[in-house]
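Structure incoming, see below.
Chains here go by letter, A, B, C and D, matching the order in which they are written, and residues are numbered from 1 within each.
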Amino acid sequence: MVEFSDTDLAGLMHFANFFRFVESAEHAFFRSLGLRVHTADGTAQQGWPRLEVSCQYHRPARFEQTLEICLRVEEVRTSSLRYGFWILAEGEKPRSALATGSFTIVHVALDTVSHTIRKAPIPAAVHAKLVRLAAPPPAST
Amino acid sequence: MVEFSDTDLAGLMHFANFFRFVESAEHAFFRSLGLRVHTADGTAQQGWPRLEVSCQYHRPARFEQTLEICLRVEEVRTSSLRYGFWILAEGEKPRSALATGSFTIVHVALDTVSHTIRKAPIPAAVHAKLVRLAAPPPAST
Amino acid sequence: MVEFSDTDLAGLMHFANFFRFVESAEHAFFRSLGLRVHTADGTAQQGWPRLEVSCQYHRPARFEQTLEICLRVEEVRTSSLRYGFWILAEGEKPRSALATGSFTIVHVALDTVSHTIRKAPIPAAVHAKLVRLAAPPPAST
Amino acid sequence: MVEFSDTDLAGLMHFANFFRFVESAEHAFFRSLGLRVHTADGTAQQGWPRLEVSCQYHRPARFEQTLEICLRVEEVRTSSLRYGFWILAEGEKPRSALATGSFTIVHVALDTVSHTIRKAPIPAAVHAKLVRLAAPPPAST
């Protein structure tokens, strides 16, 4: 639901908050696969920072509107993943989405002592789950 | 400056906050031209919502790091404007930007009673100022 | 649920975000009474800004933790309302709350043309509903 | 400066964002003393989480308004610190503050492996600096 603190003085959800909704849906998607989006073992962390994000805004989202976020895995590579998203007003069809876009995220190992971050291959079991879910982008959108 | 509240548990600036920094730079740019990004005359407002935004993340931004945001007007149309941005660590060169991307924003008239939003041509004087500042995208980046 | 974007580099929910959770619970409470926390009729708006808020932090909230927010109406005056809140980890008891505090909010009429804001008595029907729900603060906490 | 993303649909700065401004001022204050508000040595971190915060809202803050944040150290204990704050419109006097309040913060050692957080005495040199700056609360406010 779009909360009061998500809006701005134009009376609509602030554009940057759409990204928070998409990220929350992504993390719920990871949980639905039995995965954690961020793990820490001492100073060694694994996570999924963003490489590239984009969003097209079609219609505004308003205070107290319930939103549905649809994700579709579009490409799975050795250490990165691209998915498309559709932000819908509750009960609406994807073709009338309020906003659409895509995220490319990358699996990394991050050391909190040395402050190094490097790409890390997606573990095989996770990779297999993601590939099974991947759908090609639609022929025309 | 990257504030504590801009970071997340990975110890770095949260990706959505880069957009807030860019928007603040855009509004400072409008002020530098003697323009307001949002005006209200009773229930009739004029503003510049986002049509499309994208960001590529090259390196993380860290707590207490001072950032420089560079904007370049790339295309001015009847009612919309596209600009590119470069987010730099203070004193760094654009080619080592932490993040790059572009925003397409649209000039609209918004009525807060009827909740209608419609594209509105950029006023001629503003349009002329923006065109004068527009630079073509670089040949190679 | 505590989302990734709610955390900060200490690995815990940022303290200011507790207030967003409380405000969301307040608005859900208003909806449960059939009320809207913010209404607009042309340039005349009615709303409930905050007069005073406080929060005591007892234990941190962590990423992906589900929180329960309990509110108790403690005092209803002509145009203001004070309520206490308890932020609990799911399934925990109020006496082991992660955070507690109170909000005093005031009913106002706000004119978006003249930019005036003035206290406005709580409408009688709303006032009656709130009074019926009010509980005195506990004898000892 | 109050940015667009700091406002909400009432057209004013959202109440929770006042806390972000105060926290930023606190961290600038720590830097002015040559101190860091958060340090990490491997998995052992030291930081200053909030024990208690409060804010009284007197007048709204508006988009593009420049704010001044004044802090006054009011009490320094073995491991905690309480300071008062005044949020002023640029050039205004403290007695016409937009908002006032206080923060009690506590020095802690935090282990990111074991997820333990415990109070830690403020280092003697820091304690001495803070005590020297402490002022008693004003006789009447």
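Definition applied: a residue touches a chain if its C-beta (ideal position, glycine included) is under 8 Å from a C-beta of that chain, and two chains touch if they have at least 3 such contacts.
Source: prediction; values computed, not measured.
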| item | value |
| --- | --- |
| Chain B and chain A - chains in contact with each | C, D |
| Contact-richer chain pair [C-D vs A-C] | C-D |
| Averaged-CA centre spacing for the pair chain C and chain A, given as whole angstrom | 29 |
| Chain centre separation in whole Å, for chain C relative to chain B (CA means) | 33 |
| Gap in Å, rounded to a whole number, between the CA centres of chain D and chain C | 22 |
| Per-residue multi-chain contacts in chain C, two or more chains | 4-5, 9-12, 16, 20, 23, 38, 63, 112 |
| Contact graph of the chains (line, ring, star, complete, other) | complete |
| Residue ranges of chain D touching chain C (in the complex, touch as defined) | 9-12, 15-17, 19-20, 23, 38, 45, 47, 49-57, 60, 110, 112, 117 |
| Residue ranges of chain A in contact with chain D within the complex | 4-5, 7-12, 14, 16, 40, 42-43, 63, 112-113 |
| Residue ranges of chain A in contact with chain C within the complex | 1, 3-5, 20, 23-24, 27, 31, 37-38, 63-64 |
